[in-house]
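After this come two complexes, each holding subunit A, first together with subunit B and then together with subunit C.
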Partner chain A sequence: MSAADRARTVLTRLVEASATERVLISTAALVLSILIGTAIVLVAGRMTTCAATDAVYYLGTGFCYDPVVVFDRLFLGALGEPFSGNWSPDGQFAVTLRETTLLVFTGLSVAVAFRAGIFNIGPQVQMVVGAMATAVAVLWASSFVSGALGTVLLIPFGVLVGAVFGGLYGTLPGLLKAYADANEVITTIMLNFIATGVTLYLVSGPFKDPGSAANQTVPLPEFARFPSLLFGSRQDFSLVAFAIGILAIGGLYYVIEHTAFGYDVRTSGIQPEAAEYGGVDAAKTVVASLTLSGALGGVAGAMYVMMILGTFQTGLPSYGFDGITVSILAGNNPLGVGVAALLFGILKSGTTVVQFATDVPPQLVGVLRGLIILFVAMPEFFRLLGRRLSPSGPERNPVATDGGRREGETDE
Partner chain B sequence: MATAVHLEEITKRFPGVVANDDVDLEVERGTVHALLGENGAGKTTLMNVLYGLYEPTSGRVRLDDEVKSFDSPRDAIDAGVGMIHQHFMLVDPMTVTENITLGNEPRKWGGLAVDREAAREAVVELSARYGFDVDPDAPVEDVSVGEQQRVEILKALYRGADVLILDEPTAVLTPQEVEELFGVIEELTAQGKTIIFITHKLGEAMRAADEITVLRDGRKVGTVAADATTREELAELMVGREVLLDVDREPAQAGEVVASAADIVVEDERGVRAVDDVSFEVRAGEILGIAGVDGNGQAPLVEALTGIETPDAGEIRFLDEDVTSASRRERIASGMAYIPEDRQERGLVMDFGLIENALLGSQHSQEFGPGGRIDWPATREHAEAIIDEYDVRPPDPEAGAESLSGGNQQKFIVGREFERDPKLVVASHPTRGVDVGSIEFIHERLLELRRQGVAVLLVSSKLEEVQGLSDRLAVMYEGEFSGVVDPADTTEEELGLLMAGEQPDSVDERIDSGTEQTAAADATGGEGA
Partner chain C sequence: MSEAGADAPVGSRLTDTVAAYSTRALAGGTTIAALFVLLVAGAIFPDSIAGTLADVLTSRNTLASALRLSVPIAFAALGGIFAEKSGVINIGLEGLLIISAFTAIYVTDLTGGIWIGFVGGVLASTLLAGLFAIVTIEFRADQIIAGLAVWLIALGLAPFASQVIYNGPNTPTVPTPDAISVPVLAELPFFGALFSASPSVYLLFLSVALSWYVFERTAFGRWIRASGENPKALDTAGVSVRGVRYAAVLLSGVLAGMGGSAFSLDLGQFTGNGPTMVNGKGFIAIVAYLFGNYNPVGAFLSTLLFAGLDAIQTVLQLRGIGIPRQLIRITPFVVVIVVLALVGRTQTPEAAGDHYESGEE
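Coming up: the complex of A and B.
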């Protein structure tokens, strides 16, 4: 089988995996959530007071908020006005991709643990640990190199450091679970507090930037940050980081679907007894998958430091927790994580646009975001709805229950 | 005589599946009617229709010539139909009396309190009327399985059942308890109750029933009087062709010792010895059978041998090496195949397709996972070969494991394990819940392996199976071997006594007791060599 043939098989399989169904379901979810969101925006707009000139009128009734504008801003704004004719790579679209990039890593981090049947709450803290380690290590290393060579050397170095430290902070709950039977939800939450405390101490003490009032490290030199390539530097987005994200998606997909380790992970995630029977070392698989999960979270931290902030500061945004939603939205499938991260990225970046463009309170925009995620996350509901509405529709292959033969099957 | 139950043209469809197709069933009052068929023939579905759990797609249920329609089991119970499920629905810590009267307790103080005295009296009276031997005050968890079953029957009778449905009532009983159950059934019918019992065992149907209705593929293939038929005829009706009930096999050509266990102890989570000092050897080219009622330590013994659990004491040797603490993966790699007892928990990953299931256990092998990278095309070919060779249906490697019937799932596991080129096959209940056609097929394959010089350890609670296939037969009771016998030389009754932990006099001479079991095993194993 040539590489091209193989690629084609993969593609067909992807397409055939009830692609129509998935697209239909996602579209239905989006439409329904927008309809309900519209109603909420209208009602909320009715309950607020505003100047008559600011109001919009539907069916002779005045509303303070215009749902059309809200959703227009939320989506088109996040995409950087694609239809306005003056789309620029340096605009809001870069912000969307920036958010997407980080969510890809935290999403993958949660997904790989989930596939092994482990609920890793820890990507947030693994990101913090990775970010701190990267900032300190890259600062130290940046005194030896500089210029373009510095960029070429320090970027991979920083990402690696983030992965290693994030990974180690994932190994810890892994070991605790595998050998001391400690519940990973508890341990990752507890380790959260420890890491937050320790990083706060480090960054307010030994590693504090003496020239700054904030608890942060000395800023990284410009050459030690992700180059902005094509997209300009205004929005702190780097195509390089995005490309690494795409590679990570592909890489994790390959690991899960095409390696013995991935097979072990999936088997122990779905049916631990069968995995045990099949010679899977449960303890090793737990430790390895949590380490990998932590490493991905750590890379998110490295990216945050080297692409967005340029320094390490306490109180990182909650990419790690958002990663849980992203992964669930994606059904814990690495390829799906890419799509879910993009949707989430659009919603995150669109929210700020809505706040700039309208008087709609941010809390209300949060409700709209939540609605969209809620509906997209419950495909079963739409499958059920679809089946109700079309009794003659394509039925899924039923499971042969005890006591029967398939209809149309001939007797032997 | 009057017809107590009349099912007319019952059809029950599930999406895409016809579980019952135009089935007629007439049962006379005061008789025992066996519903015989392979797994998946539609027996339980039909009875669930009668018990109100399913609404039939078409057809009518008549009781005493009156058309009934049941929305739920409650309606069925009110109409005098009781069902005793395979798995008992009893509350373990509660007493026999409490279990029997549960939900229908006699009341006092205007319905505010349970009248325990009246309840107890009712139970005592009921069990006396049918000659049941139950202790009304014993907690259910302390009484034997056979007694629990009688409690279930009493519960149905207490609720006023005239028609009793028993679903595979003998599956959990020792041979002696089965005899007791048949006595109970006789007593019930003598007092006018009507019994329908579901079974896939020919002998039981012949032994206990007046009439036998055979179902196959959801259809009724015939109703015969028990005293006017033969086992061969029934088997033929069940599978639609003649089945070899007796296994043809040549004497064992036992060779080297392939695997051995010495003084194995496995403790359960309470610290009780589930396996208590068991020793045995299995040689190349022989089948060592382990018989016994489920739950007497067979499962932990097998798990210790195959590397799922580590024994608390003792030594396991495989191919002249000490593998007591070797991992499961190492044991698979060195040629130990294992057909697990629970195919849906362990043997197959239910959410995977057959291709991915063909890989289970071989994911790290040179053949399918060289260098940690899975060779999916080769795995697919392997799955197709298993499907082809072992007649797995539907012959679709992409099919999900859960969409296959039990027999086909088992054939796939058997195929996967046998194709490992094993030195030792550990087969735990390989034909449990499998249809007659597949049973025969699996038996032939096991004998084929034996011919090829593979050592086989066969654990089964089916006496016919272990007796027919084994060269030597160990009987396990409460974690120990109560005897190791030559199966050709031992009667079912003697085995039944061993399974109940008793020593039949006639067998005593042929077995050694205690720690000499290995020696005994050697002696009998040596005969064929």
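Coming up: the complex of A and C.
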């Protein structure tokens, strides 16, 4: 059996053995995070002060924040009050789908790198670079076309520009990793700070909108933005962008599972030595997967500019970092990314509802994000818990939760 | 942190070591040569950019602020060395800095004692490091992902707590510790900055020396090295790998906590907007100890280099040398990337990132 065949067998077994388990672990991690989140809300509710009439009482103790209300607002609010009887798509639900769309791209971006065994922290910055490039390029191009034809031409053009610039900014850490062996976690974080500085310079200098006090580019004309079919334009959500997101999920799934490139990526992620022995060009795979990863992040940036903001401003929301959570929660599976992105879309959209309805600081969702990552990273904990609960359960070898097993990692 | 050389024959690994050493020496040599040229050029043409730079470089204030900026980075780097040498890559240093920076201010505000606040910050960071240790050592979590989680949890928790307690992401200001001045020596030009500084700077000097001593001269230091290089041998020798790793990770929490607490207490406030006041210092710390090749003194010197760059760029922003402020600000990060490209291949401990299961279970 050749090394490539062997790698394939290992891969198949790994995927089959752990698919159900992954779903279970992700669900358990989520539930546990919410439980701890509840505890944090309660403790925080004791630390702050409020009028006695505003407090809620559990077990005879008064708390300023009510976790039930918090999580009710977080989830039901984000879905646009599905149980209220007058649900409409054009409300908070549209915001949820909008957030989901962007998270699909940043999530896929992290997933494709992870499958190749690379931890790309850079989607955030690749998104910033893609967004800046799109805002400038589409603004320039919008002077040549107009009307419906303009929309048809400019949308693909903008997405392409975002993908190219985001991709190039992904190639850079790829080259550094492949040829200088520089740790990608650190280079992508450093590139993050660099791009933030450079875009701030560009948007406050050469590309600044002279008519605005804020550091932003000249707003795009209406026809250069994603059309809001079926949904009211108020929520800045476009079904077209959402559909592109769904296509990207399917496309990436196909590329990873059914193409030669995808095979190289998967084997590099699971067994780099075997992959190289089996004829995979490791350096090329690293550069290519980080470029693809960057391109997906860049598309998220293009969507942000052409669907949500209509211009480029500094200080983009942290879709990139949330993409890491989305991907880890999804076990780096493109199809799973769809589900995890929806979940995080709800969390992000629900945050604003919580902010509106309660006094609980919105940073709570950031804490939840960290907790979810932490718990998904420790499947052993849940296995142990499972074994405690059912002592007759079979003793199993630990399985990695993702393709992101690091080089030389072994399960002793 | 790849282990590309793990299976290579000894000969080629030796070549790698020599190559890595000489690039490091080359990088260091180039820096010194460039500095020398700059100082000479500055002396000859005092009105040029070189003149401005040379002026800034030789200013006593630059050294003083470089030392101040070094404190959080160097402490975190020392902590990172302990953890990674023992085989646990602690990428969550940034999170430890954030949580201790906030807690130190909170406890100081609560009790009125700066040193009580300092201890409080160290405790908070050690607790978080303890959680990280349990998760990675006990439950075999991927160290990189768990480290990232530590960062994100702290990044959310500190501003959250500040919002709950102070109704905003920034805390009110608390009194700062007084600088300690050594008589006579403090009057020296340029080097006088070394003898008139915040207590945290002296604490840092002490910690660097102590860490060096622990690694080079004590049994515990040898155990930590063995735990990262060859855990099986350590186990065979009858020392608990798990125990050594727990101690090392907790120690990294203590050191990073000292850095974070000193950082915010020296400024008298915690600011929690965006990436918080820590703003990547924990990640620069990782680069600093990689560049310093896991040597406490080396890590301190490379920290001083990065912090020096940061101090210079702050002055240059104010003076104006024709380069936009926003671009000057990113120089430390660009230097980090260049340094990593040159010395990316560091001598990562052999077993760093791996779980170790003792055969007794």
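Everything below uses one rule, namely that the second predicted complex is superposed on the first by the 291 of 412 C-alpha atoms of A that agree within 3 Å, B and C clash if a C-alpha of one lies under 4 Å from a C-alpha of the other, contacts with A are read in each partner's own complex, and residues count from 1 in each chain.
Assume contacts are C-beta pairs under 8 Å (C-beta built on N, C-alpha and C of every residue); 3 or more make two chains touch, one makes a residue touch a chain.
Predicted, not measured: the structure shown is a model, and the values here were computed from it.
By the touch criterion defined above, A:E273 lies against subunit B and subunit C together after alignment on the C-alpha atoms of chain A. In the superposed model, A:F261 makes contact with subunit B only, not with subunit C. In the superposition on chain A, A:D281 makes contact with subunit B only, not with subunit C.
Contact with neither subunit B nor subunit C is seen for A:G147 once the two complexes are overlaid on the shared chain. In the superposition on chain A, contact of A:G60 is made with neither subunit B nor subunit C.
Counting residues of subunit A touched by each partner, subunit B versus subunit C, the larger count belongs to C. After overlaying the two complexes on the shared chain, residue contacts for A:V198 are found with subunit C alone; subunit B is out of touch. Legend: residue contacts after superposition of the two complexes on their common chain; A:P210 is shown touching neither subunit B nor subunit C.
Shared interface residues of subunit A (contacting subunit B in one complex, subunit C in the other): 273, 398, 400-401, 404, 406-407, 411-412. Within the complex formed with subunit C, the subunit A residues making contact are 40, 44, 47-48, 119, 121, 176, 180-183, 185-187, 189-191, 193-194, 196-198, 200-201, 204-205, 273, 315, 321, 324-325, 328, 361, 363-371, 373-374, 376-378, 380-381, 384, 398, 400-401, 404, 406-412. Residues 13-20, 39-46, 217-218, 240, 308, 327-329, 331-333, 338, 340, 342, 345-352, 356, 359-361, 363-364, 369, 372-374, 376-377, 402-406 of subunit B are the ones that touch subunit A when the two sit in their complex.
On the subunit C side of its complex with subunit A, the touching residues are 1-4, 6-7, 91, 135, 138-142, 144-146, 148-157, 159-161, 163-165, 169, 274, 280, 283, 286-287, 290, 324-327, 329-330, 333-334, 336-337, 340-342, 344-345, 353-357. Residues of subunit A touching subunit B in their complex: 1, 258-264, 267, 270-271, 273-281, 395, 397-407, 411-412.
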